[in-house]
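Once you've had a glance at the structure underneath, I'll fire off some questions.
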Amino acid sequence: MNFEKPWTEKYRPAKLDDVVGRPFIVERLKSYVERKNMPHLLFAGPAGVGKTTCALALAREMFGDSWHQNFQETNASDERGINVVRERIKDFARTMSIGGNFKIIFLDESDALTPDAQNALRRTMEIYTSTCRFILSCNYSSKIIPPIQSRCAIFRFGPLPDGAIEEKLNMIADNEKIVIKESGMEAIKYIADGDMRKAENTMQAAAFLGKDIDEDLVYQVSSRARPEEIVDMINAAISGNFLASRRLLDSLLIEKGLSGEDIITQVHRQILELELPEERKVDLIDKIGEHEFRLVEGSNERIQLEALLARLAKKQ
Amino acid sequence: MNFEKPWTEKYRPAKLDDVVGRPFIVERLKSYVERKNMPHLLFAGPAGVGKTTCALALAREMFGDSWHQNFQETNASDERGINVVRERIKDFARTMSIGGNFKIIFLDESDALTPDAQNALRRTMEIYTSTCRFILSCNYSSKIIPPIQSRCAIFRFGPLPDGAIEEKLNMIADNEKIVIKESGMEAIKYIADGDMRKAENTMQAAAFLGKDIDEDLVYQVSSRARPEEIVDMINAAISGNFLASRRLLDSLLIEKGLSGEDIITQVHRQILELELPEERKVDLIDKIGEHEFRLVEGSNERIQLEALLARLAKKQ
Amino acid sequence: MNFEKPWTEKYRPAKLDDVVGRPFIVERLKSYVERKNMPHLLFAGPAGVGKTTCALALAREMFGDSWHQNFQETNASDERGINVVRERIKDFARTMSIGGNFKIIFLDESDALTPDAQNALRRTMEIYTSTCRFILSCNYSSKIIPPIQSRCAIFRFGPLPDGAIEEKLNMIADNEKIVIKESGMEAIKYIADGDMRKAENTMQAAAFLGKDIDEDLVYQVSSRARPEEIVDMINAAISGNFLASRRLLDSLLIEKGLSGEDIITQVHRQILELELPEERKVDLIDKIGEHEFRLVEGSNERIQLEALLARLAKKQ
Amino acid sequence: MNFEKPWTEKYRPAKLDDVVGRPFIVERLKSYVERKNMPHLLFAGPAGVGKTTCALALAREMFGDSWHQNFQETNASDERGINVVRERIKDFARTMSIGGNFKIIFLDESDALTPDAQNALRRTMEIYTSTCRFILSCNYSSKIIPPIQSRCAIFRFGPLPDGAIEEKLNMIADNEKIVIKESGMEAIKYIADGDMRKAENTMQAAAFLGKDIDEDLVYQVSSRARPEEIVDMINAAISGNFLASRRLLDSLLIEKGLSGEDIITQVHRQILELELPEERKVDLIDKIGEHEFRLVEGSNERIQLEALLARLAKKQ
Amino acid sequence: MFNEDHRPREFSEIHGQKKPLKDIIAWLNTWPSSNKALLIHGPSGCGKTISAYVLKEQMNLDFIELNTSDVRDAETIERVVGNAARSKALFFSRKLILIDEVDNIKGRSDQGGMKALGKVIDETQNPIVLIANDPYKLPSSIRNRVDTIRFNTLRSASIKNRLKEISEKEGITVADEQLEEIAERSGGDMRAAINDFESLGNTVLKADVGMLSSRDSESSIFEGLTSIFKQRSTKCREIFFDVDKPPDEIIFWIDENMPRTYHPDDIACAYNYLSRADVFLGRVRRRQYYRFWAYAMDLMTGGVSVCHKKDLTFSKYEPPSYFRYLGKTKALRGVTNSLLAKIGGKTHSSIYDARAYIPLLGLACKDVSGGINVLKYFDLEYEEMEVICPKVVKDIFKAVEEAEKRPNDESETEAKQKRRPAPKPARGEQTSLFQF
């Protein structure tokens, strides 16, 4: 039994130049390194698109070997409230930067803080402004109060382009001496949907089962339905074969172990690709919203998903 | 005063070979016993289909008499948060395995943990990887984050086939010296719907009332309606005899003491068996979804079920 | 006729043998008395069918004269929350049983407790299991969590058969020296609909109006008890006189202190009795379902009920 | 790297004459200063429209340098119940006013007190009436019991007119030596929506990026969409071009980093301005509210926002 | 403050309440002619408390007062006014017990206060005056023991006259129309009018009166209602930005007046939106997420507005009857619950099921002896019996009291002993000189 280091860690870029898919962001960050100074930064974007990676690479280049002493990572949603966050920041900020003019505090999921807590954070930022720079990471910049936004340079991280994911996966495959087939690559990109962390995790899981990674292996480890399965289920319903579509649903729920929310998310993603009159699609998107909400509220998954299929099957 | 031990405990298989209805899973688990080693395992599937049973049987065979010292069961949804879970795991993992190379930690309902908590769990798994193996049980494998999935061998437990349930019930009946009639067996299988725990509990409750278990006895103890009763109620509504269908509903709600959600789930299950045009069925499944949602939100059972019957009674 | 006490109390059976219409239940309860021991019991069934009566008679026979010291009655829906219930149980359970091996705690309307509260109750049951037996009474056994159900012997109380009601009423009539005519008896049985409390109350009320109880007298009495205001309110709404129907609503809601749920349930029941085309009724039942759902989601009961009344007035 | 004091603090009016947009209120408050006396006051109005500002300015002018000793601010909803409030008032009222005849107690959010607590407050007001004046602030004066209203002079603070915001921003711009262009002023007023604090914060944030503030700069720092963007998205949906409107949604969610709730709030605001039949608007507002509710309950943002666009796109 | 500086000291300074003042003086002068306590009630700022104080000065009364005390439990009432009430005033001096804000003696926080007050009234040797805003907040056990005099809302002419007197004393020059306007805006509240007058400063110009916000926040809601009913547009929401009432109150104004104004065919449509608005209010309440107020307001204003088919003519707007009704019946609902709890206790039923016994018990009380048995069996209070048999409750209690007076009839009195105090000495019978 042997545990490998997660590839997300093993292949995390050590230098800004190794970060893929973010040319403009890397450019700006490198200019800070040159000037040996930087403003506070706000990194906004969904999970797994390189926010933490960029923060770490920046710190490494900024401080060289002593980066570890000058960089602190804190997660706003883990720690119990703003007071703990402030204590940690205080402790860290008190000591001098080693080989630099300031230290960097990376505060992950800052939008988990309430507006009040953010106001407290803002005061903390002001107090330590001469010795510390903050990198705040968040999903939505609009959840960060304006006084903080105005003090930060804002970087938006959209989903990674498929090309960047492919580049990185090929690099890893070379290194790990595994073969990734075209069908496997496509499947991983579909599952990752712009999330590099998910892509790497999925490939590592597949590689655990075999060195030749194809579509089958990928879906085996991913507990995602194949797009075709979702499409088949939808088409069966739409073409009036409700029973067939229900059987396909059962196989997703039971054999694949998908949760209702996973299935509905995939249905939503597939619906626009279908050959259907525009009006029909619009109507279905409306319905999907309703059933997704019911699931969130705790309704019975089987009943609600079947009811959604029934909606698809109805003529008007 | 004599409380019997629940049959689910009394007849829980002590050996992997006694587990019914899971030949492939048992095969793979036995290979671990032979090798005296195993990876982390992920058991996915609904309630009552043998996940805990397999984990216990595996531990017994793996460790023999000292299995109790080397096996810990924790429920992720009971315990207050991931920190408590980690503390318990830490305490358990600290001491050496007795008569083995590792200990087994069985973490039930792991999908109740948030993704963040699962990340913390993943780190814990890594820390104790040399001394502990984890068996994670969950309803939906898709709710387990990929880094954990990739570290586990995944076992999917679908609903048990009726044959497996019958086999087990016959074994128990022999042992308990009770007679289970064919009608009784059918009724229990209908009620259990692939859930062995429910099957055993129902048979035990029926046996409390009489040694000859027939259909009547089973429905008396089960808080399930007979399929015919549900069908009659639906048919009465559809044929326009609303008052009659309402009386049947009342008898289910009041005399049988069924809950609204029980009834709606049974209606849903029965609807496809009806002699109705396909379109009509599809429409009804849509309506059932809506009323099920209302019940989940706390609406009055009787009113919502009658409204559903009213919907059935309406021509279009 | 002079009032002494309600006949439901005056003629409440003191011994199990005096309980009418429940031969099988009485049989089983008497076997507990003989053995001077009993398991926890769960009594399920609608109002007025003898659950409390059986519990009281059982306690009397079990403990004889000291029954009062060994029996505690608590209503789960009246008392404020599970903590109060537990405190009461604790206080009661602390002292020894007088002349017996255990005490009996009768917890009425246990299904009013939330699942969380029931879990707390289950732990309480376990703690005091050596000194106390619980009799839980509920309307729907399916609302009781499985761990409690599995610890109890379950008794289902359906509506009383008309014969049992007739037997009891004749006994009372003899004793009170009143004459109950056949038409009167039929009318009471119809109104009572299997509810002994309603039957006794109706007969006693009729006896205040005359010694010869016939159909007329019974309906005269029952119209007093009947929610005439509900019917008036519905009729005013249907005939388009919204303001009048709102005034009646206010008197029910505010003066009589009925809850919104009470009123909508009664409207729902009365709709079917109205002189309306069947289709219209079915349609209204559907609408009531919708408004009941809003009542649950909304802030103010009166606004939601007014909206329902306005809906009744609409032609289609 | 230089942190400025927040402009909301820096430019808080120190004198009543500096309060903008409230000529009548300032007039009346100044006459109290002249007479060195005042009755109890009740300030009613929404958040952020100057109630606290006026109370502070009044106290400053009334007491001069010793205003701090003679003014106490308490928040009725923060403090634990009326008893704590009364204790604090008692302590404060016990000592003599310095350089005045009375002290001022500013009780914020007085309408958070229950009617019972307000009755207690009324008694407290009477006890200390010779040494203290109360300024009660509340959202709605109708939530204050009549006996207290009758004891106060009432001041209503409506929403601030855009002119007042403009006046204040121009004053700040002069002082800070920045240029605010017309397009920039319009954008700030749109974003502020009558809230002075938001206006000042937004302008400060924009000024951080450049001394010439135009529309672009304002939207860059504001995490609000431009009204045109929202209108375009809505119009695309309504005119039946669902795919186009979905693309616009994506750009708001991903490129601008707006949260679903921000977007839905802006959609709500814009829908009222559109050229649509009034019935349609009302219907859409109902739907928008429903989708915002789903977001608040934890539904998937993308799915729900697309479903909302689908609703707009549907003809009826 | 003007309200302090110009506190009335003579009857002539109390404006607009001649009739009730005369009645009070008459009541005092003939005391004890009927009940031994007097309840003065009326809205805020109409002169109730002031009148009592002027009375004290003018009639040279000795005041015992329970007013601004924080605690109003049984013990405090007994301590402060109990003994004073029971001991007769000294020769030539007249004693008056004054209890202000009597409607704020609460069941829960001021344990047993009302019971103690009832007892004091029964046993008093001196006149007692109670002051309250809302007489319906008092239990009927108190209301049945007092005479009542109502102070009406002041007419604006009365307020204006008083303002004129004050302006003359203060040396403020002010035109009559301006005083009239201040009076008009005060909603009949003298104290509020004086506060407003004072807040306008020393020089009152016509324009300045417009600075006052109307005390009567109802006029702004009338404007809002008119805009809903006049146009068919979502625009009417804007008028409500200036209405000083929260959405959960505004909805009841619309709810009250819409069905009075709308054509019957449009009512259902309008109620659909009111009901949706209420759903959003429910979500605000449960989740404390106030943004939903915006949707609630749009739906209750614009939504209702688009539902009427033709323009509507103005009708007289009514304030929501719902709140008034709720206030009036609050005490009654409390009594009903305690009654049901008692019935439930005796019949082993829940509060809900206990309701089924009320019609039966109503019939049982058809004759007085049946009523007495009901009273005894369930151990009921007067108010609780009133719920069961409003028409005969008085007769039943009279019968019980008469039975008490016959010391021989033990069975009848036993039940009532603990409720009614021991027989008291007949009025005026001073049994001993040392009784004081």
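First chain written, first letter: the chains are A, B, C, D and E, and each begins at residue 1.
Rule of thumb we're sticking to: a residue touches a chain if its C-beta (ideal position, glycine included) is under 8 Å from a C-beta of that chain, and two chains touch if they have at least 3 such contacts.
Just so you know, these numbers come straight off a predicted model, no measurement behind them.
The chains other than chain A, grouped by which ones touch each other, come out as one piece. Chains that count as touching both chain A and chain C, per the definition above, are B.
Note: the chain lying farthest from chain A is E, by mean C-alpha position. Chain D has its Cα centroid 53 Å from the Cα centroid of chain C.
Chain centres here are Cα means. That of chain A falls 33 Å from that of chain B. With centres taken as mean Cα positions, chain E sits 37 Å from chain C. Inter-chain spacing, taken between the CA centroids of chain B and chain E, is 59 Å. Of all residues in chain B, those that touch two or more other chains are 297. Contact of a single residue of chain E with at least two other chains is seen at positions 276, 283. Chain contact topology: the protein chains form a single closed ring, every chain touching exactly two others. Following the touch contacts around the ring from chain D toward chain E yields the chain order D, E, C, B, A.
The touching residues of chain A, counted against chain D in their complex, run 37, 39, 44-45, 125-126, 129-130, 139-144, 146-147, 149-151, 154, 156, 158-159, 261, 264-265, 268, 272, 278-279, 281-283, 285-286, 288-290, 292-293, 296-297. Those residues of chain A whose C-beta lies close enough to touch chain B in the complex are 1, 3, 6, 8, 77-78, 198, 201-202, 204-205, 208, 221-224, 240, 242-243, 246, 254-259, 262, 291, 294, 297-300, 302-304, 306-311, 313-315. Across the complex, chain D is touched by residues 1-4, 43-45, 68-70, 101, 104, 106, 109, 133, 189, 191-192, 195-196, 198-202, 208, 210-211, 213, 215, 217, 232-234, 237, 241-242, 244-246, 249, 273, 276, 280, 283, 287, 289, 291-292, 294-295, 298-299, 302-303, 305-306 of chain E. Chain E meets chain C in the complex at residues 248, 251, 255, 259-260, 264, 267-268, 270-272, 274-276, 278-279, 281-285, 321-322, 325-326, 329, 332-333, 336-337, 341, 344, 346-353, 356-357, 359-367, 369-371, 373-374, 377.
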